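By written order: A, B, C and D. Residues from 1 in each chain.
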């Protein structure tokens, strides 16, 4: 039964009774004051009416007003000080019950506020969008970043892996969901419905997405898959509308050629890790002859890092590569052989503080237990492909037999699993 | 796609790889040690394998072993002490960011443990059952009660009203759900499938339930409704399998004659409040001619309270009633007129410390904004009906125009809304 | 369970066994010979294999080969002559059993052939398409027209009103169905997905279609509805993507602005008659405030008939109108007042041999019991609108209280129900 | 959208308009006269109203009145005599178009009547029940048998294999469908919901049914399957509620232990043939390790045939068996070894006029291409099992590699496929 319809009906009915004034009377009330009222009311109905008003207000506010509201909420919805002081006074180090008392007493009332807003049917998606707004404001605003911790904490609980559902998206999927897919594709833009149709409807294409039950029409993350005979070395052939389709039972390879997170407001909430593993299981069950599971991935951080290297006083990159890059004419890519070398160098040697690969896509797949298998020059001729990596792309291989060992080695020792091809290339690239 | 099947497939596959040993190797590991491992692992797959093992273990354990495991978990999964000491050291009263740091630092790791267990597909229902076990052990064990706070805190977040779905249950409902309804009915026992069939399948009967998406076959709470011409004064006629059915369009009254909470493990998590209001909306939409929404409710606490009164030194109940009760022959009910009076007295004057009605059913409906409308003697001749209240039952009336005002008056001033009939009866009952 | 998948699996398995040869061995067999084999086999599996081959062959054949196959089928699959002669010999006029014997004995084996082809899962849609091919060939080929009788007879039985299902199409409808809607719209072309989205997804638009269970993704007929405040006098405002949307609860009028039959192969099989009546019921239930149900319809036969009138020796049209039309400059429409008069004249006086309105759209709605309510000049400025009727359009009004009386009067006496406006206009138009 | 609801709404609305009288006015009209009116009306709405009245009347009539109505319908709804005489007059032997004219002209108007009744939503199931009534009356009434030909002809067209859908029935199936399964089980009675639960819900049990889209809650035929380690030799172990369940992945054998036709009114309409083959495909896909597909079937005609043999002047059964049977004490079964021999003799040598096996169950499975594999004495100790066959049961084996060859040999030459065990037993049994 449509929950939102229920609320609409209820609200319409209430408008006739005394409670209706609740909404109307508040026309002049400040949004943040309404938040205080929301936490103050003991009536569930009034609470819902208020919560819906607050969501409407925050959504319709100008960026400036919303920023101000967030800032006041962050400042005014701290913990119950009396309770907190009591908990502090009775705190005994090492006493778990006392610590728990401290924990609950110190809970900022922002969390209760967010939970109260979430009681409105359909609110979860709206809160995710609000957090996206909030995240845009946090830079340089530590008090907003602090408020964001509460969103993130609650979202991590609500978007628990156990609540998510994997669904295949195909040409029989409702149009409103497909429209979202078009909007959300972040890696290789979907150019309208014809392009979408081939990505979800062709016999050798698959698209899988995770959904949360509170947002049944709105995917959280999705992965696009091409079924092919060989591991592909360029994205063009995958996306080409005139390419020759193959029957799925003739495919040997499943290529994950695009993974898109759909909601900025879910940043930091992880579910991508499992998506690929689960999709591998689904594909295997449907097409038992598939024996290779591999990505065709961009190298988004390559050129930015190389630029830093070129400008660095003590570049990590061997001097001969630096020189070659310095000599590069404008709007020209390095020679393919060179490009492959420096890409391999970048992926294997450019590291984060804690040791992981610097490149975010590499970090994601290596953290999942994949192996860096191949590097291709001239693989993505799109504007973005050129801007990011002069068209270089990479295959990360998901090999069941080694995935868990790779994963552990990467997490524990920052060891990157390499194919023998990549081992040679990486060694070659590092020569001074 | 069946999430649980995915996990099974994955586990089967892993059994062949190195990770399989993860499970087997732990055959001798203690359950609580496995919980420590779970929080220690950074591998999502290992985490799932471990979490599933832990759930299996806790479910299959003897009550004694489970108690011991709960106690150790409560003791050993306190907060990260280093982090907590740091947060305490840097705490500044009134600083919301510092308070938030304290909140997160003081979070008992039990919460992280419960969240980690919940990542296993299907785990939510299992955790609810585990909490039911836990609750049975908390009496006299404050440290377990403290652990229960974490369950309750997380459940309140997961079972947010915004995530619940109302569904009508009828004779086309899947049998596994109907079987659960038979099991869960707590007020007027369902005596097998024939009895169920009339309660969900007859033209003048309805049954509505709230579901959570993570437990799609398992209702959380449900309400049974009879559509009638008149407000009923006894439950027998409602449940009688030989009663004359009426066409729903000839009904004027919707009678809520049974409300059952399905899961002891969700104690303290409220969703009943809204169930009735939402069912009223659904019924109205389907049968626009309905004009009266009323319960036929038990008075579960009546005899227990009367017994206390009879034995009390200074009973609250007028002396003439106390005398009448003292004179009552064993296994005899008071005269109907007397029974109605003392029931009215009990419902309107026996109060909780904070002012609400002592009777739990009365407290529930009055808190929802209902009005106490009628009291009936001889209304429930079942064993339980006699044991609880000598067969007395009550109608609480849900009147849209007054529901919100009643609700507010009850919450704020513990004022109980009464029909004029009840006002007289209550006044009469209080005469000395 | 996917029936077509079952057949595919079965066929794949059979390919390994002896039966596989059935298919392969027939590579050189003539399609019509395969039809004879199909009726000859007593094996259900062989029958399915053969039937599928025959469907494949007829679909993939050139138009010429298919025509030849149809002609041979028409000639070679007459009744069983022996049985027919026996039935003739024992026929006694007036004996219903003897007549029934004659009926079954005279049944052309084409019917058994079509039924046998229909046993293949998914065959119904394919047979509908084959009949569309056949219909294109029947002109001037009476033996093919005779074969078509069998198709039509069987389709009338299979597409019985009792088997059809009405569904609302909206923006949550699967994309493959929506794609069919785009393809099938025959009145006012849908210009891509954006245009479609407003026709099915806007709050004041509805689209309903009839489906047959054997063709679950393929609508048979659909109607597009606009919810408006007033009866519209032009199609442009309805289709305008920049128009102002209204909330459905503010609409008073439901406008049926396009009705499309989807399958040429179902010509002569009626289901449109009931579609509108059923959609009226659905709309009423959802938006109880609607009080006017009306079409905005083209007048497809107007100009063709006027041309005949202008060239006729004794035109039916009054001389003043004929003169006006003769004087019309090329590519010029008549004056709006004149256009309305002659449209009214055409709709009310140009008749079929049996008395019904000559205009096919008028005949359809009047036969349904609608009333001719308004005529508008300048109402459809599209190329087709100008070509058909110089842009004139009509409202047919579906008035519950009179629909059955109108329907009977039209069927029995060819009486056309007219609004008072139309009565005046028609009288005015007929003046010499 | 609920079609039946549409019709109800429409009828309710019509009751207010002039047409309502159509129904009321006819209160006194004879049912068969209403049938004449139905074929006479050109109004679709009136037609539906009439058709629904007729169905109601025929259902509610006494057996006697219904018989009389059927008889009158059979007599009065013959073909259009004028048209038929014309078709006869213009008939030319060998001219397929003239023959087709004869076919359509000779069509009894009963067919049009049945088609007209079928336009009422939900009518198909009602017509199936009416035919069941009719069939009970046909014995000794050739004119009713003749009417039944029309039902059978139309049902064969409507219940075409291509329209049917196979569904698995399990414990998540809606209760109203499960209730039908309990009612329809014809071979081994289902003793209530607990018995049903184990047959559809146990991990090693399956139940599959064919459905027609016009009867979505009402199965046409279903088969019950047990997954076992070995081919079973007795039904008791299969049905025993205390038996040890096995995990489905440990099963090697799928046993079809019960096949039930649900509707007497569909007698003569075949769909069982394919049910088993399709279920085999489904089981294989789900449990790839299954390698044996076999029935455990009753021998319903054994004792009846043996009795005839014992009483025959020239029995087909060898004299030593006849003697043994004559000597049998009352209420005593033959010795198991003897019982197996005579069962084998009966199944392989007792034949129909056209050569097929006399036993109906044997005829069904052998006609499907199964092989007679094993005979068991003491396999069905139920009352019916004893009455039919002294408890003997049979395994028919469905062996993919030989199914089509068996099927052809049986259909063409009445050859019965036998296991080597059965070949010996049958030879032994035939010894004089």
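Everything below uses one rule, namely that a contact is a pair of C-beta atoms (placed from the backbone, for glycine too) under 8 Å apart; a residue touches a chain by one contact, two chains touch by 3 or more.
Since the model is a prediction, treat every value here as computed from it, not as a measurement.
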Shared interface partners, meaning chains that touch chain A and chain C: none
Relative to chain C, chain with the most remote C-alpha centre: B
Centre-to-centre distance between chain D and chain C (centres being mean Cα positions), rounded to whole Å: 37
Length of the line joining the C-alpha centres of chain B and chain D, rounded to whole Å: 49
Centre-of-Cα separation between chain C and chain B, whole angstrom: 56
Residue numbers of chain B (touch at least two other chains): none
Chains touching one another, given as label pairs in label order: A-B, A-C, B-D, C-D
Parts of chain D lying in touch with chain C, wherever the complex brings them together: 1, 3, 6, 9-10, 13-14, 17-19, 42-46, 74-75, 77-79, 81, 84-85, 88, 91, 93-94, 96-97, 99-100, 102-104, 106-108, 115, 118-124, 142-143, 146, 149-150, 153-154, 156-158, 160-168, 213-214, 273-274, 277-278, 281-282, 285, 400-401, 403-405, 407-408, 411-412
In the complex, chain B residues that touch chain D: 171-176, 178-179, 192-193, 197, 201, 217
